[in-house]
Every structure is written in C-alpha cells, then in structure tokens.
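Presented sequentially are two complexes of chain A, the first with chain B as partner and the second with chain C.
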Partner chain A sequence: MEYASQLNNQLQNTIALLSGYWPEFIIVIGLVVTLIIDLIFFNKEKNSNWWIGFVNLVFLILAFTKQVDVYSYFSNLGEFMKLVLLFAGVLFIVFSLTQTHQTKKAGEYYIIFNGLLIGALLIAKSTNLLVIYLGIEMMSISAYVLSAFSFNKNSAEASLKYLLFGAVSSAFMLFGMSLLYGFTQTLNINDFELLHTVKVIGDLPIKLAVFMTMFGFLFKIAATPMHIWSPDVYEATPTFVVAAFSVIPKLAVFVLLFNIADKFLVFPEVELLLQFTAILSLTIGNFAALWQKNAKRMLAYSSIAHTGFLLIAFFANMQSFVFYGLVYLIMNFAVFGLVKVVEQKFSITDIEQYIGLGKKIPLIGVLFVVALISLTGLPPTAGFTAKILVFSGIWEKYLTNHNPVYLSLFVFGLFNTVVSLFYYLKIPYFMFIKKSNEVILNEHKSSTVLTYLIGSLVFVLILCFFLPNSLMDMIYSINFAQ
Partner chain B sequence: MNSVLLSLLIFIPLLGVFAVLVVPSTYKSSYKYITLTISLIQSILALVLYQGFDTSVVGVNTLDSFQFVEKVNWISLQLGGFGKLSIDYFVGVDGISISMVLLSILVILVGVISSWNVSEKAKGYFALFLLLNSAIIGCFVALDFFLFYLFFEFMLLPMYFLIGIWGGKRREYASIKFFLYTLLGSIFILVVMIALYISVDHPDGGHTFSLLSMMDSSNYSSDAFLSLSGNHNILGYPARSVAFLLLFIGFAIKIPAVPVHTWLPDAHVQAPTAISVILAGILLKIGGYGLIRIAYSIFPDAAINYSWLVGFLGVVSIVYGAFNALSCTDLKRLIAYSSVSHMGFVLLGLASLTVEGVTGSIYQMFSHGIISSGLFLLAGVIYDRTGDRLIDNYSGLAHKMPKYTVVVVMLFFASLGLPGFSGFIAEVLVFLGAFKSEILPKWMTITATLGLLLGAAYYLWTIQRMFFGKYFVRKSEWDNKMFDLTKREYLMFIPLVFLALLLGVFPHFLLDLMNTTINAFVEFVHKTGIAQ
Partner chain C sequence: MSNETASFGEILIYLIGGIVFISGGLFTAWIIRPKRPNEEKLTTYESGEDPLGGAWGQVNIRFYVIALIFLLFEVEIVFLFPWATVFGREELIEATDGLWGWVALSEMFVFIFILALGLAYAWRKGYLEWDKPEIKPSDFKGPVPTEKYNAINHKYSKFTSEQPKK
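Our next item is the complex of A and B:
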C-alpha cells in the first residue's frame, strides 16, 4: 500500500515534469502533421512548399512560446539555451520560406530539420547518457541527410563523408559511454562520482572512457582535430542548412558540456584536452581560412575558429558564453544569408568572383561589412562586446587561479583576432576595392524579404553593441547555479 | 556641469553621414557642400570651445578640472559574480586635448577643401570621411577607456576603405597593411584595457573604465593585478611594466616609431591627397596623445623606468626616418619619412618628462599637424596635374609655377625647423627638455640633433632638384598642365602657412592653452611615479 502511494507520487512528479517537454511534443506533432500534409498535397497544390514551411513555422513559434513558459519556471541555462535553439529554428524556417520555389522535396526538408532540432533540444536538457546518445544520433542522422539536400555530386560526397566520420565518432562515443555505465553502474551523469570510481577501477580505464565520450562531443562542435568533415560539408550543403549546422548542434553540445562539466572535468587531463582543443581550433581554423577561395568553405573554417572562442568562453564563465553564443548565432545567420543572396543573384560562391559587386549591390555589400566586422570582433558591433566579455572573463579566471594555460587562451584568442581580420576582409576587399574588368554576370532575382531579414539581423548586431543592457539583464537573470 | 558642446562636435558629422546617405546620387555635387557645411559648423563650435576654455584650470587627473565635461551612464549592469559593469559616455577636455581637437577641426576643414575634386563614388567617399571625422574628435575627448578604444578602432574601417577604394596603384596592399598593423596595435591596447578594468574599483563598487579612476592609485585594491604596490608578475616581469610596454607598442605603431613604422610610407603614398592629410595631420597624433593621456598618466612609475626606451626609439625614428627621406625618389614618400622623423621628436620630448620637453612634444604634434598637412597637399598639387610624383621627373618648376614654389619653400623651411616657424619652437623646446632631463642620457639628445641636419639636407636638396635649375618635365604633354596654384588651392594653403608662421612668432597662443595642464601632468607623473 505504501509502495503504491509512493509509485503514485512518482508518477505525479513525472507527469508534472513532462510539462517541461511541451516544446518537444509540439515539434513532434508538427513533424507528423507535415508528414501527412506532404503525403496528401505533395505536388498537387501549386504553393504546397510554402504551406508546408508555414505550418512548420507556426508549430515552431508555438513551441517557442511554450518554451518561454518552461523557461520562466525553471530559468536555468539549459532551458534558456533551448529558447535560443528554437529561435535559431524559427530563423532557419523563415529564411527557408523566402526560397520556397527552390526547395526540393520541401516536406522532407522540414521534417528532417525538425528531427535535428528535437535532437538538439534533448541534448541541451539531459544528463542521462542514453538520452544524450539518442539526441546526438537524432541530430547527426538528420544532419547527414540534410547535407545531401543540394542533390548534386558534391553534396552526396559531403554527406557520405559526414556519415562515415560521424559514424566512427559515434562508435567511439558509444563505447566510451558504455564503459562509463559499466564503471559507475548508472546512466545518470549527475550520480557520477568519477574520482571515487577511480579508486575502485583504476586511473586509465576511466580516463579512457571519458576521453572517448568527449571525442564524440567534440566532433559535433567541429573542434580541431575533429573538424575535417566540416569544410567539405559546409561547401556542398545548401546555404541555410549550413547556417543551421554552424549554430544549432554546436550550441546544444556546448550546453551539454556545461551540464556535465562538474562531473567530467574533475580530471585535469580532460580540462587540458578542452583547452588544448580551443587553442588548436582557433589557430588551425583561422590560418586555414586564410587560403580559402570559396566563401562557404572560408566560413566553415571561420566557424571552426569560433568553436575555439566558444571553448574559451566555456572556460571564462557561463554569462559570457551565452552572450557569445547568441551573438554568434545572429552573425552566422546574417553572413550565410548574405552568401545565399549573392549565390542566388549571380550563382557564385567563390570569393574572387565577388569582384566589383559592391557597385551592383551596395546594400548587400554594407551588410556584409558589418556582419564580417562583427565576426572579427571589432566595434561597433555586438561581436566586440561578446569578445570583451569573454576576454575579461578569462582574464579574471587567470587572476584567481594563475594557471598559465588560461593566460595562453587569452593571448591566443586575442592574436587570432588579427589573423581573422585578414580573411574576413577578403569579401569587402573583392566587393569594393579590387578593380574589376567588368565581368558580365547573369543577374537573377533574389528575395527582397530575405535582404530585409538579414538587414534586421545586422541592425540587431549594432543595437546589441550600443544598448546591450536589456540583453545582458536577460542573461544575468538566468539561474546558473541550477 | 554637463555641457553638450563636445557631443555636438562628435555627433554633428554623424548627422552629415545620414544626410549624405539620404540624398540621392543624382545630386552628387551636394555631398561636398554637406561635408563642408559640417566642417564649418564644427569650426564655429571650435571657436566657442576656444573662447570658453579656462586656461587656468588643470585637467590631467582630476575630474573637477576638466572642462566641457559630459558624463552619461551608458552601460551599467549589476552582474552577479562578475561585479558591476559600468561604461560611461564620458567626455571632457583639458589643455592637452583641446589643442588636439582644434588641430583636428582645422585639418579636417582643409581636408574637405582638398577633396573638392572627388567625383568617383562621391557618396561613399564623403560618408566615410564624415564618419572618420566623428571618430577622430571622439578619440581626443574621450575620458573613458572603453569609449576611447571604441573611437580608436572606429577610425580604422573608414580609413581602410578610403585608402583602399580611392587610393593609388598599390592601394590594396597599402590599405590592408595599414589595417593589420593598427589592429595589431589596438589588440595590445585592448589587453591592457581589460587588465585595467578588472584591477580598478569603481567608487560605488564594481569596476570602471574611467581613465581618471585608473590614474588614481587609491582605486586599486591592494591585491589587484595592476595595483601600484602589487607584486604581480607576467612571465617574470612586473605586471605594470608589461602593461606600460604593451600600451607603448600599441601607440608606437600609430605614431609610428621605428621599427613599426613600415605601414606609413605605403599608406601615405597610396592614399588620396585629402586622406594623406588627415592621416599625417591627425591620426599620427592619436599615438602621441594616447601615450600622454593613457600610458604615461596611468603607469607613471613604469613610464619613468622605461622612458629611456621611449626616448631611444624617438631618436632612432628621427635619424632613421631622415636617412630614409634622403634616399626617396617619390616626393610623397619623402614627406612620409619626414613625418616618421618629426614624430620622433614627439617621443623624445615626452620621454624627457620635463615641462619643456612635454610642451615641445605637444607643440610638435600641433605644428607637425599643420605643416605635414600642407606638405601632403603640396605633393597632391603636382600629382593632380601630372599623375606623377617622382622628384627626378621635374626640374626648374620655379619658372613655371612661382607661387607654388614660394609655398613649397615656406613649408619646407617650416618643416625643417627654421626660426620663425612653429617647427622651430617645438624642436627647441624638445631639445631644451631632453638636455635638462635626468632620465635621458645626453648622447641621445646629441644624436637627435643629427635629424635637424639631415632634415635640412633632404628638403634643400629636393628644392634644388625640383624647383631650381633649368625648366624640365619628363613628358612633353605635362608641359601645358603645369599651371600655378588655383584659388581653391590657395584657400587650403593660406591658413596652414599663416598658422605655421603665427605659432612660430607668437607661440603663446598655444602655450598658454596647455601650460597649466602640462605643468600638472609632469608633476603628477613624477610625484606618483617616484612615490611607488
């Protein structure tokens, strides 16, 4: 009898907790609805692509508003970042809506994207090894498929590469996770007492297991040396999908890193691994980007370098990470959007072909300048504020622990800014400065709505520099202690 | 006492940017009038500023003695474990900055007149020009480190495009080199800014970016990283010394001092005339101004220890720049290297840390601002006519262009420091200070005098080659283009030559303006620096 009431209580709790999963449920419902609409109306209705996208948008916005409630209840980092991820999802769909006539297989496109989003949301929330694995696989498999959505040879090749690398890294991660389960007897990371387990099992096996798991995570955020897949994938994948790739999985896995930090980072080696990865990502990302000729490939390396910055922010403090993450989201969507506009107008993605475009499309050129300046981290853009926060955070950490690794994070971060300027300026350089020999480009129509959308994103970047107060207040209201 | 005058000076150009952007390109010729109007309004405001400025009030490190102060809370956040983040919009002038503001407004006005012929992509040109204008004024009046840094960085981008789009043949190389060098310098400054921010406590709790708070040693808690008594080290060196040297490198790139000067000749040679004028007339001064306002004022102890280094690089710049100028075949490159040489005097005077030396240093900044602007305009005159600036391609121009020759000779003499011109006063003061100084060894100052000799050599040699002798130009089609100065060109040169003469004969116009402040500055540096 007593047991029954206990069970009843547990059930009540679980149901109460389930209300926290409303956003995910809504997305799943949206997914199913899309599937049905797609089955019934596919190719019969002229505007079916648009309608499918619109339905998805409605569901995502619904999920977003629900998440606002959930966040106001829990107000911790995971729930806040879920808001951010949903915001990225909304942006992605709004961007995609401007291109409906070009989207092939729109039904699948949105369904798979929803899969990716659900995976990301699960990762951001959970500390259970199984759920994490489930989330990562869901995200990854959706990503493999989405990266083939250009439906050409390169795209298929990139997708296959992504799949192969991803499968191997998943295998490693799963092996690591199973070892951890074996050693600790629990799937819940919050119950881990790795230092205690070390005494029982020994040093090496546990560290090996943690390292293997970590490698799987690092693969998802495209941190060096697990970054080799990303340039190929970024280059061949549809541009908006790349924008989503560069933000959603990355931020989700970073939240995961925060969630498990106090359990996993008990070993100094793991911490060192992450710090070393940060420096490597920054340096290799930035220096490799210098030689790139394709805009999307260059931005792929740039986002590898930004992984390095996000890792530095991870070590600085949560507030600066959240700010950096948000700004990074806006910057990346803006820049990839602009790349898309140029791609659509003139069907070019090589930077050298941007020559003289500043005269033809001055507005796009100016937006490019501001967005890239923000990526470099120069005032007056939010990118600068974000960098200031990260660097002061890491400097403060260094002052308290006097760990030379923190100092080198600080120094490498700063000097990579100078390196990054060189390649970010390449685009404005070709657009405005390099004299062109009047190459005649076929001009197509591009969506003006998209340009305005990007314009408003860029405006937000400038606004966040001059009036960061409200955004900062929001971030500092997050209950980081959990 | 909040005054909006300085804000007006900063933000009126931004209104101009807006106006230029809004007016459609069909009314292209109106852009220059908009820009000129803005500059004239600024000039009137500058007169108001000059009239209202009380020369008896000190400045330097006390808030009460700054004038035209405006302080508005810009970003203020009560952050959890991070303390309080507070960034103020905080501007004000003292004797040092007001002279720089006046110089800037004058040089910008001349710059506008000299860009009268720009017609290619005029909209972009004048919009960027106004943006640059705003950032320059902001940089000189900012009293909050964050604000200073913001304006400092904000000058880079317009400058990059102005050189890159409207420049000469190798403009692409020159503009990116300029940008990368200066950004590297500003990274050094950024490091120190962050370290200072975390070390300095706001009187109301939290941290602050205010430069004045950073100058007050009582605002550093005893265990702060950059506290005056602190014994923190970076890689075995005292933290405050490292911070000072980082700032010095950052500003030395801007000045520029040898060995980080190599961007300057390229940028100057490639930049359009008006931009060269702004670059030489104002932007280089920000390096010197930053050293005085930030590096020396916040780290007086380290400044006293390392002033010999500042002086040494000053002397090297003077001599090395002069030797380079001697070997130049391009007139504009010659003037660029003469700038390196003359900016060396700024470093030497400042390093002496005597009232005479520092006065000379700032006087030299002002005087060089006027004279080098004029010199670049002179090079522009020739370039406008023929599109060529090689010294060897011309000879005996005095026969064909007598008025031009008169102006050239006057400005060359002013630049080489002939008595009666402002350059002379500045150099005399610098040498007086440097000889008197206990910090600088005598051989440095003696070596620096070599720069005067070499200066006379390259200027006189240039005059002899280009203007005297038999009339000759390389290509015959240039012959009919060699007309004398036009009215517009007169308009640019007259105020510059007049001021160079005026300040050479009646130096007290400028000296009175900054005397009190400099006395206080030198006393402050010595007192705080040695007390530690």
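Our next item is the complex of A and C:
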C-alpha cells in the first residue's frame, strides 16, 4: 500500500503541474475547434473561408496571454522563447488574414500551422528526448505539408525534397537518441550527467551518438552541411509560410541547444563541430546569396547565414542570443511581408524585375531599404544593436579564455557582414538607383493593412536601435541561471 | 553490464532463431521439392490475380488514403490493448480513490476523439469517395474508320484469343 499512496501523490502532482501547459492545451483546443468548424461549414465543394483563421487567432491570443502567466511564474529561457514563438504565430496568422482571398484550403492552412506551433513549443519546453523527438516530428511533418501549399509543380517538388531530406535526418537523430538511451538508460537530458563518465563503452560511441543527435537538430535550423533543402523550399512555398519557417523552428531548436548545451558540449569535438558549422553557414550562406536572382531564394541563403550568426550568439551569451533572435523575427517577418506585397501587386519575385519600383511604390521601397539595412546590421536599425551585442559577447569570451576559435568566429562574423551588404543592397539598388526603360507591369490591388503592419514592424526595428532599453529590460527579466 | 542491457540478449536469440528457422525451411524445401517450372508457376502470386505491369507502375493515390486511415485505427488498437491491461488494475484504482481510472480514461478518450476527427475529416472532405473519373471522348477524327478498330479489338480481345497454348 506504500506504493499506492505514493502513486496517488504522484498523480495529484502531475495533475497540478498540468496548469503549466495551458498555452499548449489552448492551442490544441483551438486546433480541434477550427477543424470541427471547418468540417461543419465547409466540404469538398465549398472551400474554407478566411474567418476560420480569425477563430484560430482568438485561440492563439488566448494562449499568448496564458503564456505570459506561465512565464511570470517560471521566467526561464524556454518559457520566454515560447512567448516569442507564440508572438510569431500570432503575427503569421494576422499576416495571412490580410489576404482576404486566401489560399486554397484555408482551414487546413491554419490547422497545420497550429501543429507546427505546438511542435515548436514542445521542443522549447522539454528536456526529455522522447518529447523532443515528438516535437521535432510534429513540427517537421506540418512543415512538409505547409511547403506544398502553393499547389503548383515547384511547390510539390520542394515539399517532396524537404520530406526526403527531413526523413533521413530524423532517422539519424532517432538512431543517435536510441544509442544515448542505451548508454545512459534514461531519456531525461538532465540525467545525462554521467555521459562523459561512462567509461565502459569508451568515448567514441558516445560522441558518435551525440553527433547523430545533433545532426537532426542542425537540419532543422538549416545550418550549413544540412542546408540544401532550404533554398528550394523557400522559393516555392507561400511567402508568409516561409517567414514562419525561417523563424519558428529555428528559435525553438536553438532553445533546445541551450537546454542540452552543458550536457552535450562536454566533448570538445562537439563544441568544435558547432563552431565550425557556424563559420561554414555564414560563409556559404552569404557567398551563395550573392549569385541569387530570385528574392525569396536570396533570403533563404540569407537565413542560412543568420543561422551562423545565431550560432555565434549561442557561443557568446544567452542575452545576446535572445536579443538577436527577437530582432531576427521582426526583420524576417517584415522582409518576407514586403516580398509578398510586391509579389501580390506585380506578381514578380525576381530581383531584376524590381527595377524602377521605388518610384511606383515609394513607401514599400523605403520600408524595404530599412528592413534590409537591419538584416545587414547597419545603424540606425535594431539589426546593428543585435550584431554589436553578439560581437562584444564573443570578444569577451575570447578575452577570458583566449581560445583562437572564438577569435575566428569574431573575424568571420565581421567579414561576412561586409559580404552580406552586397546582396542585401541589390534590392534597393534595382528599386531606386538603376535606370530602367519603363517596363509596364500589371498592377493588382494589395492589402493596405499588410503594408501598415509591416510599417509598424519596421518602426519597431528603428525604435529598438534608439531605445533598446525596454527590450533589454524584458530580456534581463529572464532568469538565466536556470 | 546491467540487467536491461543483458535482456537484449534474448532478442538476439530470437533473431538468430528466426533466421535459422526460415533459412532451414527454405533449404529443406529446395532439396526435396520437384523442379518443374512453367509460366503459370513463375508468375508473381498476388492472391490469385494475374499481375499487371511492373512493380514500378503508379498506384492510384486513393489507395494511400485508405491505407493511412487503416493505419490510424490499427495504431489505435495497438495502443488500446496495453492501455486496457496496464491501467485497468483494480487495486490501483481502489488505492487512488478512482483517480487513476479517471485519468487513464480521459486520456484515452481524448486520443480516440482526435483519431475519430481524422476519419471525420477524410469523410466530410470527400477523400473516401471513389467517383469514377469521367472519360471524355476525344474529338480527334482519325483516317481509320471505327469499324476497323473494333474488328482488331475483337480479334485480340481476351475472350476470343484464349486458346490453350501448346
């Protein structure tokens, strides 16, 4: 009976702890409700309508407010980043809602996005390998489906490629995880203390298992050896979905990297691998972006380069990472939103076709310039502040331990910022400076609400440069000690 | 080596046993069976149907939908059996004042509800309907009259040409 009373306590404990999962529950409930509404009001003949997204938005905002409560209770990095992820989710749905003549299958569009969001939240929260795997799979499978939502040939091709690469990478990751389970007999990362003291098996198998597990994580953030899927997917996928792809999975997996850092990075090889990945992502992302002709493809390579920067921030310190991540979220949503506006107005995505657009749509042009300057990391935008924080962080790290790797991270980061200037400024160059012989483009109506939304995001970018304090205060409310 | 790791040895024994039994059976059959192959015997056996085309032929996408839905409920059954045996223990339910049972029950109901939603989705959106695609006759007018085609079709159709082969 000793066992039984213990069980009773345990059960009651678990039920009490469930209140920490309210945001996830609300999203699941939102997903189910949206699905039921979709099933009742729409069928094969009648396609889902935009207001189904509005119902979903209500649930997401509810989850966001709940998450504020949860964060004020735990106030650790994971809960803060969940707040950020939910914010990105709200932003995505608001952006999508501005397209009143929404895509085909609007119901599925929002439902599957909710799946992606739940996966990301689980990853950011969990320290159990099984739940991490479930979260990553949930996120990936939703992403595979969402990347097919342009419903054309390119989109199907990109989706299939993404699925095949993703399946291989998660197979590697799962094998690595199973090996880790075999070595430690636990799935809880916090019990991995023993990992580097298990001497029976020797170092090599453990390192191999850790490498394999990392392989899956790095695939999700599109770090360089595992980045090949991203340009195709970014080019063919609906633009707002790309904005979500480039932010939500990335930030979630980076939180995971922070969670496992002190357990996995005990091996210098693993640390070196990550640092090498950072340098490689930066260099390859930036140099490949130089040759791109399609705006979305160029931004795909730019987001690979930003993965490199985020990895540098990961090695610098948590504060700079959080700042960079937040600014990256706002920048990316702004830029992809602008690409969408141009795509909608003139149905073009090639950079060379942007020629002379600066005169036709000056507001969009100016917003583009500011957002791209921020992505490059020049003043007066928050991108500059974020880069300053990252570089000073990594420089301090170098001064304390004199590890030449940190110095090379610093140097490569600076060097690549210069390289990135060339391709980011290609868009303003074509829009404003290059003279064109009047090309006539068919002009369609585009959403003014969307333009205002992007305008406010860009305003935040400038505001965060002049007044970074409010953002910094928010970041310093996180309890980094954990 | 701990107990759990050692118990993987049993799996190894099963693996070896399986390989030995299957290869042993096939080997014995190979020795004692008469070898008189003919065309009928060498075709792929598929539940008595005559195989059509190669294995790389395209399969209608609807089969996958049916297979997926089948899998859905297969998984449900696989999950329900251990659930019933592990969570249906009377002494645990009594000891926890019924809480144990309620928790297990509500969890399973949520699970089944979401699975059922999946089926409802496929049903409502019409993915279970096997409507025949409408084949429109082409407006192409060939130089060869239709009667000749019909004559050729008749000549080589299955029912007329099915004479026993020598």
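Everything that follows uses one rule, which is that the second predicted complex is superposed on the first by the 466 of 482 C-alpha atoms of A that agree within 3 Å, B and C clash if a C-alpha of one lies under 4 Å from a C-alpha of the other, contacts with A are read in each partner's own complex, and residues count from 1 in each chain.
Everything below uses one rule, namely that contacts are C-beta pairs under 8 Å (C-beta built on N, C-alpha and C of every residue); 3 or more make two chains touch, one makes a residue touch a chain.
A quick note: this is a predicted structure, and the numbers were derived from the prediction, not measured.
A.B. asks: Looking only at contacts as defined up top, I'd like to know whether chain B or chain C touches more of chain A.
C.D. replies: The partner making contact with more of chain A's residues is B.
A.B. asks: May I ask you to decide whether A:F432 touches chain B, chain C, both, or neither, giving the answer as first, second, both or neither?
C.D. replies: A:F432 contacts chain B only, not chain C.
A.B. asks: Taking the superposition on A as described, I'd like to know which of chain B and chain C A:Y476 touches: first, second, both or neither.
C.D. replies: In the superposed model, A:Y476 contacts chain B only, not chain C.
A.B. asks: When the two structures are overlaid on chain A, which partner does A:F422 contact: first (chain B), second (chain C), both, or neither?
C.D. replies: first
A.B. asks: So in the superposed three-chain picture, is A:Q185 touching just chain B, just chain C, both, or none of them (first/second/both/neither)?
C.D. replies: The second partner, chain C, only.
A.B. asks: Based on the superposed arrangement, let me know which partner A:L35 touches: chain B (first), chain C (second), both, or neither?
C.D. replies: second
A.B. asks: Looking at A:L399, would you say it contacts chain B, chain C, both, or neither? Reply first, second, both or neither.
C.D. replies: In the superposition, A:L399 contacts chain B only.
A.B. asks: Applying the touch criterion given at the start, work out whether A:F391 contacts chain B, chain C, both or neither, answering first, second, both or neither.
C.D. replies: first
A.B. asks: Show which residues of chain C lie in contact with chain A when the two form their complex.
C.D. replies: 1-2, 4-5, 91-92, 95-97, 99-100, 103, 114, 117, 120-121, 124-126
A.B. asks: Spell out the residues on chain B that touch chain A in their complex, using ranges where they run on.
C.D. replies: 75-77, 79-82, 85, 149-150, 153-154, 156-157, 160-161, 164-165, 171-172, 175-176, 179-180, 183-184, 187, 190-191, 194-195, 197-198, 225, 234
A.B. asks: Mind listing the chain A positions that touch chain C in their complex?
C.D. replies: Its residues touching chain C are 1, 4-5, 7-8, 11-12, 15, 32, 35-36, 39, 43-44, 182, 185, 200.
A.B. asks: Chain B touches which residues of chain A in the complex?
C.D. replies: 317, 319, 369, 373, 378-380, 384, 388, 391-393, 395-396, 399, 407, 410, 414-415, 417-418, 421-422, 425, 428-429, 432-434, 468-469, 472-473, 476, 480
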